[in-house]
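Following are the structures in question.
The following pair of complexes shares a single chain, subunit A, combined with subunit B in the former and subunit C in the latter.
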Partner chain A sequence: MSNAALNIGQVRAGSVCIVTLAGRIDSTNANDVMAELTRLIGSGEKSILVDLGAVLYLTSAAFRALLVATDEAERQAARFALCNIAGHVRELFEMGGLLDAFAVHGSREEALKQFG
Partner chain B sequence: MTRPPDLVYAVDERPPWGILIASAAQHIALMAVTLVFPIIIAREANLSGVQFLDLVSLSMLGLGVATVCFSLRSRYVGSGYLCGAAYTAIFLGPSLFAVRQGGLALVFGMTIVAGLVQLAVAPLLRRLRALLPSEIAGLVIAVVGLALAGLGVRYSLGIDAQHQRINPDYVIVAGISLAIMIVLNIWSKGYGRMFCVLIGMVAGYAASAVLGALDLTNVVPQQGLSLVRLPRLEHLNWSFDAVLVAPFAVAALAATLRAMGDVSNAQRLNDSDWVRPKFGSLAGGVAANGLAVVFCGLVGSCGLNTYSSSIGLSGATGVTSRSIGYAIGVGFVALAFVPAAAMVLAAMPLPVMGAALFFTAAFVFTSGLQMITARMLDARKNIVIGFSFAMAVVADVYHGALMGVPLVLQPIFGNSLVLGTFCAVVLNLIMRIGVRERVSIRLEPGGINREAAELFLAEHGARWAARRDVIRRATFGVVQVLEMLGDPPGGVEVEASFDEFNLDLRIRYRGTPLIIPERKPTPREVIASDDGETLLAGYLLRQSADRVHARASGDAAELTLHYDH
Partner chain C sequence: MRRSVDFRIRNELSEIGIVRDALDALGRELGIPMKALSQLQVALDEVVSNVVKYSWDDGNKHEFLVRITVQPTRVDLEIFDDGREYDPRTAPSPGPATPGQRPRPGGLGIHMIRKLVDTFAYERIDGRNHTTLSKECSVGSAVQGSDK
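Moving on to the complex of A and B:
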């Protein structure tokens, strides 16, 4: 596991706001992720895609942040999805039986197609 | 055992008759390449045409019986996997020496001794397993792959000791043969992929005939060949010499290691969850090897071994059915009585052999690398693997100089596989000195240093050559626990104990035992409060470890995470 800190980036593809997370997400920075995602939803974004392709590692705190964001998006009638979940991160999603709790896409392109 | 999705026929599946026969024919063609070793011994013994034919036929009989023995699934004999047999350079050195000292009788007698050594070693393998971890089995396979590739190139280019020049006709034949094998294996499906080697070899025979590289006149006796012929046993005689026990015993041990590597590889091909060799199957494979070598000595041939190329062929084609092993056995036994077939196989053009060896070597070599890199390697293991691999290469580069050692050591220094394996086993023993199997780290209060715990597990995991996936899960477990504990008064102690089969982590702290729920919390529960997150953390811990146990005594608490290794 790397000690890389968390980086939160943002790009736009049409009407979709893509949030890229890179590094490790645990209790020391999960609140930052939650705050950023809820801020975007609160600001009126209606399509948010979180790209986890560069996440090296996450813990329960990260899962909670993503679940809170999903819940917030539902309440604001926004579309919220995850993509590029691979390797060890995917193992953790599978281990926790959490893949069903989110809208998950294999790649960014696939997700953007779904978002239309 | 989990069936890999890309297998066409797994070990317990029986293909239709047509595929069974064609697959067996493909293995037979590949295994026949190794008849070159008894042929070398026959030439050294100056056998006449008929006697030469007898020895080739009986050697084919040996290959058939050996393959059936290797593939059997029984309690004491057989690996239970499709595993071809091969005459090998491992026994060539001692056998050539024996033929010069006492003729073929001494070769046959000492071959029986070598088989008995393997039979004696087979039941002891389980006790020796600490000496032969899977990274060393991987090294053995990788070295065999490299040796096969080297031999393949030599045959493909037509290079021999006297003529260090490339033969253009050989390059054309080998090129055609190899290109067909590659194209069919990569860009075709079904029959093309399954029989890529056989089709490539047949095309190589045809190209050889066109270019005049297929010469049957050297191997056909002057009086011609009958359609069916019972091999004669007139040349059979046995003698023994105490001086030769040591080199033959060393060769038998080397063949044992190769058999272990090959059977491990066959197991791995049939199980996506393979993590270490199953010793019951290895012992059965080695016992089968011993029995087959004794048989070869009794019927008048030389020592043989499992065939890495045959396993490589199974990997390349995705056909690993055990029943093909029995079909190969029947095929070779039948061919032993058909002199024309024996001669066609014995006269296989060198570039055809070369293409087949070079192609299958790629699959053997990469299998070995995968077995090595599945483990975490620290400086000690890097030295064991790196030095041993280098010594294997050195054995070929400086073969002449190394053969100057005393006779008893020649089977070790004269063969790349044996020297590489010998180094690996000895260095592994030496490098175990000072490796503690129970270690701990204390994380002081006032900001628990999770990164120190991660580093601790990474360093010791590499020292133990633990599986990467297990250490990754264990590291997640420790970090998740530390996250749940926060910053307990008195800090946290993490203790790790390891053996080849278990990794146990004990995390001690002052406080209440953690809650490890069996039920997955709902997303609503997780979102509702921090307690929900704690439930999810506990659930993740339960799922990531193979066993979890939390307990408390007074204000001291301990959480145990167990991982099967």
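Moving on to the complex of A and C:
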């Protein structure tokens, strides 16, 4: 049941690994997100972009997962950013006071330009 | 129109999927506006996961009750559990988030609840915790998906 609520996909754009999250990220599946992101960082990926454009909502468990991944990326000298945060999802980031806690880009294209 | 549904779930995080899907189905059927429904889902996840994680520390299986009540102008989420006495509203708020200094995650869920619902009430009755979250919204007037 929890697996159907969230899809974790992956595409590559040059040296950047783009992780697409679609659906709901809550306490039933936030650990899956954390596991996948820390696995990618551990496998040596140096540029990871998380696309939240298809996320319906996310809870504090999801924020924790993204914060853990941000810290892990820092430790491994990898670049880690989020993009496509809009509508309800953006409001949730604002409510949590969390927009400043992450590297946030508008669109995937803007993010890729920053990643260079 | 007043619809109230009760669920008895176990103190495991995976069980939260049951009440999440139930709230979704009620939202679709009765016409809870999309934005309010998303916010209620987040609040429900925060409050139920809190009970799962903190109400019992004996490592045993426990059951508790989640009640969802939908009325024309509001949605109530109630949790009844017989775990240790704990008022979730007393959790400290997280500090401001700044780059390089991650926010303390502890109180984030409770902070979110405060922002997402209009009423956040708690009482201890007959050895049970009773937590109530209420959100005012116009139910039934919005066709699902039409209000963004």
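Note that in this section the second predicted complex is superposed on the first by the 112 of 116 C-alpha atoms of A that agree within 3 Å, B and C clash if a C-alpha of one lies under 4 Å from a C-alpha of the other, contacts with A are read in each partner's own complex, and residues count from 1 in each chain.
The working rule: contacts are C-beta pairs under 8 Å (C-beta built on N, C-alpha and C of every residue); 3 or more make two chains touch, one makes a residue touch a chain.
Model, not experiment: these values are computed from the prediction.
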Should the pairing of subunit B and subunit C on subunit A count as a clash or a fit in the superposition? clash
Mind telling me which of the two, subunit B or subunit C, contacts the most residues of subunit A? C
Considering only the touch criterion stated at the top, classify A:L67 as touching first (subunit B), second (subunit C), both, or neither. both
Kindly classify A:S27 by the partners it touches after superposition: subunit B alone (first), subunit C alone (second), both, or neither? both
One more residue to check, A:K46. First (subunit B), second (subunit C), both or neither? neither
Which of the two partners, first being subunit B and second being subunit C, lies in contact with A:A5: first, second, both, or neither? second
For A:H88, is the partner it touches subunit B (first), subunit C (second), both, or none of the two (neither)? both
Of the two partner chains, subunit B (first) and subunit C (second), which one does A:A101 touch, if any: first, second, both, or neither? both
Where does A:L56 make contact in the superposed view: on subunit B (first), on subunit C (second), on both, or on neither? second
Subunit A contact set shared between subunit B and subunit C covers 1, 26-27, 57, 59-61, 63-64, 67, 70-71, 88, 92, 95-97, 101
Which bits of subunit C are touching subunit A when the two form their complex? 13-14, 16-18, 20-21, 34-35, 38-39, 41-42, 45-46, 48-49, 52, 94, 96-99, 102-103, 105, 108-109, 111-112, 115-116, 148
Interfacial residue positions of subunit A with respect to subunit B in the complex: 1, 3, 26-27, 57, 59-61, 63-64, 67-68, 70-71, 88, 92, 95-97, 101
Can you list the subunit A residues touching subunit C in their complex? 1-2, 5, 24, 26-28, 56-61, 63-64, 67, 70-71, 87-88, 92, 95-101
The subunit B residues in contact with subunit A across the complex are 450-451, 454, 458, 472, 475-476, 479-480, 483-484, 520, 523, 526-527, 532-534, 536-537, 539-540, 543-544
